[in-house]
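Which chain is which? They are A, B, C and D, in the order written, and residues in each are numbered from 1.
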Amino acid sequence: MNPSAEKRLAVALIVVVVVTLIYIVIDRSVDDHGVLGASTVASVAAITLALAKLRIIMREFMDVRHAPKILRTMTDALVIAMGIALLGTYLVGRAIA
Amino acid sequence: MKSESGRLRGAKRELWLAWYVTVVFYGMYSVVFFGLSRTQPPGRPWLDPDQTVAWFADRHWGLLIGFGVIFVLGGFSAVALALITHSIRRMSVSPVFAYSYLILYAIAAIPGFMYICVAMTAGVMRPNRAPIAAQWLYDLGFLSFVGTMGVFLIGSLIWMIAVLIDDNRVFPKWFGYLNLVNALTEVVIAPSWIFQRGVLAYNGAIGFWVNVPVFGLYTGVFIYLLRDFIQREDFGTGPLPAPADVWRRARPAVEAVGA
Amino acid sequence: MSMIEETTGRAEAADDEVERFPGDPDMWLFVVVESLVFTSYFCIYLYSRTQHERAFLEAQSALTMSLGIVDTIVLLTSSWTIACCVQHTNARRYETARWFALATVGLGAVFFVLKVAEWAHLIRDGHTFTSSDFMQHFFFLTSIHAIHLIIGFVVLGVLVRQLSGPHLRAHRTIETCSTYWHTVDLFWVVIFALLYIVR
Amino acid sequence: MGRLGARSAAAADVSTSRVGERIIYWTWVPLLVIWIASFLLFPGFIHPVSPRASAAEVAAFYRQDLSRVRYSMILFNWFGVALIPLVLLIAERMRAMAHRTPVLRYCVIGVAGGAPIVFLTSTVFWLLAAFRPDRSPDLTLLTNDLAWITFTCGVPFLVALFLFLALAIAWDDQVEPVFPRWVGRFNVAMALAVAPAGFAGLARSGMFAWDGVVSFWVKNIAFGLWVVVMAIALRPAMRHERHPIETTT
């Protein structure tokens, strides 16, 4: 394990942990003194951040970065498909309700 | 590519016949459950006793004829098992896996169709039965059919381990992992014993609409892979040997495979 | 096998240049199929909650967000340790790799203990599998994830065994095992966002 | 495994495996006697309980003939499953057939347990109905229906078993087949004889109802006949030697 790879993994870990901590900010911003309130912005942000973490984990930790193009395309397509499915269901559901 | 009748005359006729019976059997099963008896997608688990009586009355002939067909032909589920058992015997794994698979799925026939056939036939035979008894039969039919997971769970895991550690590459490794996907959906169906409504109930969005397509995909994939397995099975493609010397030639091979 | 190892040896020198498949491609098929199955569970959950927003928010307030954050960081760290384990394996520093693998097992165990404690706490407060629609989804998603985690311990066991014996060290198998473990992390990242944060 | 195989081949005639197979073979005689005895003892079999009977009539039947229902069904519960060793004896003989794969043998093993489980389940329902004759007639009727439907319609494993055997015999291409050809055709005939019983749910009266000629008499006599004929055909098959020289190559 060369130093640059080691450093890169450490940076990736710091990034995903920081992104996780952003959730605390989102969580605080929508609550009204401990009473939970519905918020499309918070929900969309939560899902988007989760998907961003997904991509970082796959690219860095799972080493997709060095993988053949087919796997890189496939994993990106998976993240995008999940994003469309999750956000689509949420937004359509809210529109219907 | 050989014609189908050619396949059934050739050296691999036992395997090909088993494969065709498997395809026809699953086709028949789908037709009976989805078409004739309309028990898939399953009925609503929250029906009250009187609604259950109406449910039975609504599909009187479909249930009786559909399940009559299963009562006569259900035993042919064993053909797919036999073919899969044989394929596991061709792997570099202990025969324990093959025989475990055979027995697990032979037992699966009882919750897999016997209980639902008996319960639904009893329910539909007497339209004037006490509604509360009709509901009991309805529950017995659906819950035993949907909720008996153990044999399929353990069966899939046995098959998974066999595929993953096999050196002969009888099945591709990814099929081993697909067995795990299937096994996990067997876990997911367990809450159908607990919920009378909602997504996890036996007719729910997860309980039925996710699980059954996964099972359908799994079944389709293994039927396709069995075909591939038969094509690669190597004991010559010529005509069957003359009856006189078949004994001498076939014995050792059968012994090696079947011992 | 030897060719793969040679290329990884060179990959060390030129980090970003050589293309190779991380682990068994067959395992990636599992990752994709299982992700799709999970996505369908997530969509069903999201749709249900938009239809009964009030009830879901009310039940959701029983969760402790900070616990979820800790869970997430623990699993993310375990993903990092297993990634380090693979890097060290490819650099043939098996002893270090083994320590990273054992650290992963430890972090997984911490996550599991936290999860069980959270369940116990919720159940004591009357929030059970059958108490509300939100809790039904919560217990379903967290326990199906926990089952993946438990399978993950078996997978890590295979990995540690591979690292322990000098004649066993199949890099391919080790990478495949780590791919499975990352998948457990991936699912949790989404489950956490959906159960604890989405409003 | 290898050493065991060598020993049994060398001492084929006196091997314990052959003695054991003969013991199992001869169980067919007492079994058939016991099956017929429990059949005659069960009051519902000589004049089968009609599917048209009301709940009160069915409840009265169990009160009236309580002891005979119980003892006959206990007997059947004990010995119905004894079909398994006989079927497995046939499966074992199938090894000598000139097949290239064991698939048909696995098919037979796969259904070997099925028919006995059906027998077993139906005896449980009959004994359950007889356990509390003073139970609500609706429940007794329900249990009685379940027993009769399981017993009558539960033919899938028999149909499959008979047809698997028929095919295995037809494809046993050798000078001295394990079973003569006619046994295969006989199995097809028996499969056809028991198959209509699967549709007994469709009729509550007439020959297809569970007390009718086809679903009751034809089916049960066919099964009894199958046991006798297979036993007779199995006798020479038991002597069908697996040639030791060939098996050791």
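Just so we're on the same page, a residue touches a chain if its C-beta (ideal position, glycine included) is under 8 Å from a C-beta of that chain, and two chains touch if they have at least 3 such contacts.
The model shown is predicted, which means the values in this text are computed figures rather than measured ones.
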item	value
Centre-most chain, if every chain is reduced to its averaged C-alpha atoms	B
Selected pair, greater C-beta contact count between A-C and B-C	A-C
Rounded Å distance, chain B centre to chain C centre (Cα mean)	32
Chain centre separation in whole Å, for chain D relative to chain A (CA means)	61
Whole-Å separation of chain centres (CA-atom averages), chain A against chain C	14
Chain C and chain D: spacing of chain centres that average the CA atoms, whole Å	51
Multi-chain contact sites of chain C, meaning residues that touch two or more partners	25
Per-residue multi-chain contacts in chain B, two or more chains	none
Two or more partner chains touched - positions in chain A	none
Touch-based graph of the chains, sorted into line, ring, star, complete or other	line
Pairs of chains in contact (touch as defined earlier), listed by label	A-C, B-C, B-D
Parts of chain A lying in touch with chain C, wherever the complex brings them together	1-2, 4-6, 9-10, 12-13, 16-17, 20-21, 23-24, 26-27, 30, 34-39, 42-43, 46-47, 49-51, 53-54, 57-58, 60-69, 71, 74, 78, 81-82, 85-86, 89-90, 92-94, 96-97
Partner chain C, residues of chain B touching it in the complex	172-174, 176-178, 180-181, 184-185, 187-188, 191, 194-195, 198-200, 205-206, 210, 214
Chain C to chain A touching residues, read off their complex	11-13, 15-16, 18-22, 25, 28, 32, 35, 39, 42-43, 46-47, 49-51, 53, 57-58, 60-61, 65-66, 69, 72-73, 76-77, 79-80, 82-84, 86-88, 90-91, 93, 175, 178-179, 182, 185-186, 189-190, 192-194, 196-199
Residue numbers on chain B that touch chain D, as the complex places them	11-15, 17-18, 64-65, 67-76, 78-79, 81-83, 85-86, 89, 102, 105-107, 109-110, 113-114, 117-119, 121-122, 124-126, 129-130, 133, 136-137, 235, 240, 243-244, 246-248, 250-255, 257-259
Chain D to chain B touching residues, read off their complex	5, 51, 95, 98-107, 109-114, 117-118, 121, 138-139, 141-142, 145-146, 149-150, 153-161, 164, 167, 171, 173-175, 195, 197-199, 201-202, 204, 242-243, 246-247, 249
